[in-house]
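These are the structures in question, set out in turn.
What follows is a pair of complexes built around chain A, which joins chain B in one and chain C in the other.
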Partner chain A sequence: MKVEMRGLTKHFGSTVAVEDFTVTLEDGHLTSILGPSGCGKSTVLNLLAGIVPATRGEILFDGEAVTGLPPELRGIGLVFQNYSLYPHMTVLGNISFPLEIKKVPRAQREESARAMAALVHVDNLLHRKPRELSGGQQQRVAIARALVKKPNLLLLDEPLSNLDARLRLEMREEIRRIQQETRVTTVFVTHDQEEAMSISDRIVLMNAGRLQQEDEPQRLYHEPRNQFVADFLGTPPINHLPGHMKGGAFILEGGQARFPFSRGAGAPEGRPLILAVRAESAHVPDPDEGALFSASVESIYAMGKEVLGYFDIGGHSFRCYLDGDMLPRPGTEIPIAFRERGTFLFDGETGERLL
Partner chain B sequence: MTAPGKRKYAYRDRPLARALEPLAYLTPFLAAIAVFTLYPVINVVLMSFKEGYQMLTGRFTQVGMENYAYVLRDRYFINALQNTAIYVAVVVPLSTILSILIANLLNRKVKGMALFQTAYFMPMVTAVTAAGLAWKFMFSRDFGVINQILSWFGAGKINWLQAPEWSLWALIIYGVWSILPFTIILMLSGLQNIDETHYIAARVDGAKSARIFFRITVPMLAPTIGLVLTINTISTSKVFNEIFPLFNGRPGPSYNLYTVVYYIYDQFYIKWKLGRAAAAAMILFLIIFVITMLQQVIQRKWSH
Partner chain C sequence: MTAKESAGLCAEIARANRLRALLARGATYFFLALGAVVMLFPFFWMFTSAFKTPQEVATFPPRWLPAAPRFENFATVFEKAPFGIYFLNSALITAASVAGTGLVTILAAFAFSRLKFPGRNLLFTLLLSLMMIPFEMLVITNYETIAAWRLIDNRLSLFIPFLGSIFYTYILRNFFLSIPDGLYWSARVDGAGNWTYLWKVMVPIARPALTTIVLLNAITSWNSFMWPMLVINSTANRTLPLGLYVFMTEGGINFELLMAASTVVVLPIILLFLIARKQIVGGVARGGMKG
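Here is the complex of A and B:
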């Protein structure tokens, strides 16, 4: 089912939760709504579910307005962070409860529930109570319960946050598998960028109630529209070098360093700018390549396949990956160059991307 | 072992001393329990078997079952058992059901809820005697508000406090009223332990209020309901205080409203028959004990 949100706005009293949010989710896609806590991503989910009414704006399911429709008429399945299984019902009871509400005959609803349990691989646990299950198993049951009535839209609210790291990896692959098998249009709310990057067809990145960018995960990473997007994605976080353009060169704030930055030619002179460089986009250049600037080594972390270095460039801290066989000692100076890919120039005031 | 620094801890190597040390710390507490709880209980058990017991001298004629035999033949005691049984059998379920409904309403986030909560918890902070007097006026045959309300529905005037056949019901109504606040508090805390997402999940799936109430709220409240049933059965079995203000300090208009504890009080303080009072107390204890055990067994089966 195609889901359109147009100018969707939600205010709680004077608090703005979501403001002028316009996004289209394509049929059969898994879309993550990603953002820091309090950015309004869960509110968007609740608006889609119909649990909270919209202040303004429209929601369309396959072209039909559902903005004023109560949750039960929207044909959605909902999965909560804490699973919210009914503790007094067995796994089978939990999964078939939505059908019980719909007054589906017992034999039929148990058959559907069993099929759904098999899909999420809990068919051997049908007569257990939720408290006898692990977190991952509980989440599988919750997904089965949400899917059993064949919803047009599956909404997952931070479904992996309560799981330990190992289970989280396993369950996100499972969610992807289940989604691909059922082809149900899915919205996955998370604050974990890695989770969103690995699982999604598209990512909707939000901040402070507003849409920041909506795109494929890789494009979001490689072509951020503003500084927030660049900052939010990527581990370790992207480096910031504040400064301004003068005579086609980037002058680092404080004036100690001056970089002939060829791509910076079109940037406005005099304005405060941020040169943002991904950790993997800086490297130690070959002697003939020519260094952009020199950095003093503060500390080096060797982590198996890669070495992460912490540097000081003109008073600004900077992180980048080094070749595995290179372990410079702290206090020494090394040359550093940037690659085109993963180097961005943002307006220092608005955060908009310039280059 | 022989290091000089370790000598003062040497007693730790003696197992007896080590076992007794915690006991020494516990002694004050254990002594308090022994004096204020254990001794009275044991004394009541012994007293119930002593015939012709004089408390001041401590003398008694012989040990035997005479006190029990007397009490179990006493028609006032049998009447007290009946009254108490009816009282418990009506007040406990009624207050449980009412408290679930009221707690469910109070649990909603509606403006002005604080006012309602205060109103419902009022009985808890009112002295039983003062509230009892207020109820006495409300039960009044000619001027009472209860008869007035009933008259709107065409009911005749009921002589709540003077007619023996109605007096137990007056006591029951007052009993439900006085036990409700505490019961509601327990239910409310039980309700607040139910995560709201359970309701949202059911609502998204299209469940109506009635189904949510019976399929989700009540089962998830079951542990609290069990606790309430147990606590209230015990406390209503001991109904006593409520009788004084309503019936001018007598057990009902024509001595028809003895309850077991009132009977014990009567035998002890009025008639000075300590052995009989103790025997009646033992019988009440055994009955409550058996009922509570049965409840526990049933609840354990029910919750699995």
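Here is the complex of A and C:
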């Protein structure tokens, strides 16, 4: 089902939770809504579910406005962070509950529930109560319950955050598998960029109640629209070098370092800028390549195939990966150059991308 | 001190500790047993006296047990007064009260815990403050209402005034409030409206609290005496406690018959208590108040 949100806005009293949010989710896609805590991503989910009413704006399911509809009339499935299984019902009872409400005959609803339990691999636990299940099992049951009535839209609210690290990885793949098998349009809310990157067809990145960017995971990473997007994605976080352009050179803030940066020539001279460089986009250049600037080594972490170096560039800290066979000693100076890919120039005041 | 001496000393200390623990436990059990005897003695006396002859009841020093149990006492009681009707009335009214008050309590507790309407908390605070008013004062207004509705000497008047119970509503509301919001929204998304959610999810989860309420209500209703005495006049409408009172004042004091009648009155409650002991004790402990 195609889901459109147009100018969706939610205020709680004077607090702005979501502001002028316009996004379209394509049919059959798994879309992550990603952002730091308090960015309004859960509110968007609750708006989609009909749990909180919108202050302004519209929600359309396949072109039909559902903005005012209560949750029970929206035909959606929802999995909460804490799963919210009915504690007095067995697994089978939980999964068939939505069909029981629809007054589906017992034999038929149990058949559907069993099929759904088999899909999420809990068909051997049908007569247990939720308290007798592990977190991962409860999660699977919650997904089965959300899917059993064949919803047009599946909403998952931070479904992995209550699980331990290993289970999280496993359930992530499970959710992807189940989504691919059922092809149900899915919204996955998370604050974990790695989770979102690995699972999604599209990512909607939010901050402070506003949409930052909506795109495919890789494009979001490689073509961030603003500084927030570049900062939020990637481990280790992207490096920041504040400064301004002057005569075709980037002057690092503090004035100690300047280096030719022809690519930045289009930026207005004198305006505060942020040169943002991903850790894998800086490297030690070949002698004939010419260095952009020199960095003094602070510490080196060798982690098998990768070596992560911490540097100081004109008073600003900088992290980048080095070649595995290169282990400079702390205190030494080494030349550093940037690759074009993964190097961005942002406006220092608005955070808008200039390059 | 040699090792041997030290070991001996340790053994002695251990022995002393054991002795002290034993004494302490002995004293605890002694007082508990004393309390139990004091509490149980009247029941014992009632039960045994119900089987005695008039002479045995009156002898001094008292006889603990009848020489031969006289079951005729019970037959006599049922002959002298319509205890069968009283029993039926009590059972009907208790059942009606449990069902009616239970329903009202569930709906009120749901409204005060789950529905959002302006003035909800103020209204609930007001209701709670009404708990301060003693029962005896409410008797007057209740009586006037019942009289105005022409329900005096009608069995309906025995449970209608008590359909709304603030205390039970309070217990159940607190239980409902402890059920997480997530369940409510899950149920809504699963397609359930408020009504379905209440009966399919909330009520089954609240079964421990509801059991407590049902039991407390049943006991209160079964034992209720003052209110029935005020509003009931005719024999056909009397409940057991009322019937017992009338039996005592009208039939003269025949202790063995009185005790047999009393046994009939309290036996169902004692049985109920024995069956549901855990829930009653747990419920009162959870509520943290008197029933």
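Worth pointing out:
Quick note on the criterion: the second predicted complex is superposed on the first by the 355 of 355 C-alpha atoms of A that agree within 3 Å, B and C clash if a C-alpha of one lies under 4 Å from a C-alpha of the other, contacts with A are read in each partner's own complex, and residues count from 1 in each chain.
Note that a contact is a pair of C-beta atoms (placed from the backbone, for glycine too) under 8 Å apart; a residue touches a chain by one contact, two chains touch by 3 or more.
Since the structure is predicted, the reported quantities are computational estimates derived from the model, not experimental observations.
In the three-chain model built by superposing on chain A, chain B clashes with chain C. Of the two partner chains, neither chain B nor chain C is touched by A:Y310.
Of the two partner chains, both chain B and chain C are touched by A:N82. The larger set of touched chain A residues comes from C, when the choice is between chain B and chain C.
Aligning on the C-alpha atoms of chain A brings chain B into conflict with chain C at a single listed stretch, 135-143, out of 135-143, 243-251 or 261-269. Comparing the two interfaces of chain A, the one with chain B and the one with chain C have residues 49-51, 71-72, 76-78, 80, 82, 84, 86-88, 97-98, 101-102, 145, 149 in common. Remark: chain A residues 49-51, 71-72, 76-78, 80, 82, 84, 86-88, 97-98, 101-102, 145, 149 touch chain B in the complex. If you check the complex, the residues on chain C that touch chain A are 180, 182-183, 185-193, 196, 200-201, 204-205, 207.
If you check the complex, the residues on chain B that touch chain A are 195, 197-198, 200-207, 211, 215-216, 219-220, 222.
Residues of chain A that touch chain C in their complex: 49-51, 70-72, 74, 76-78, 80, 82, 84-88, 97-98, 100-102, 145-146, 149.
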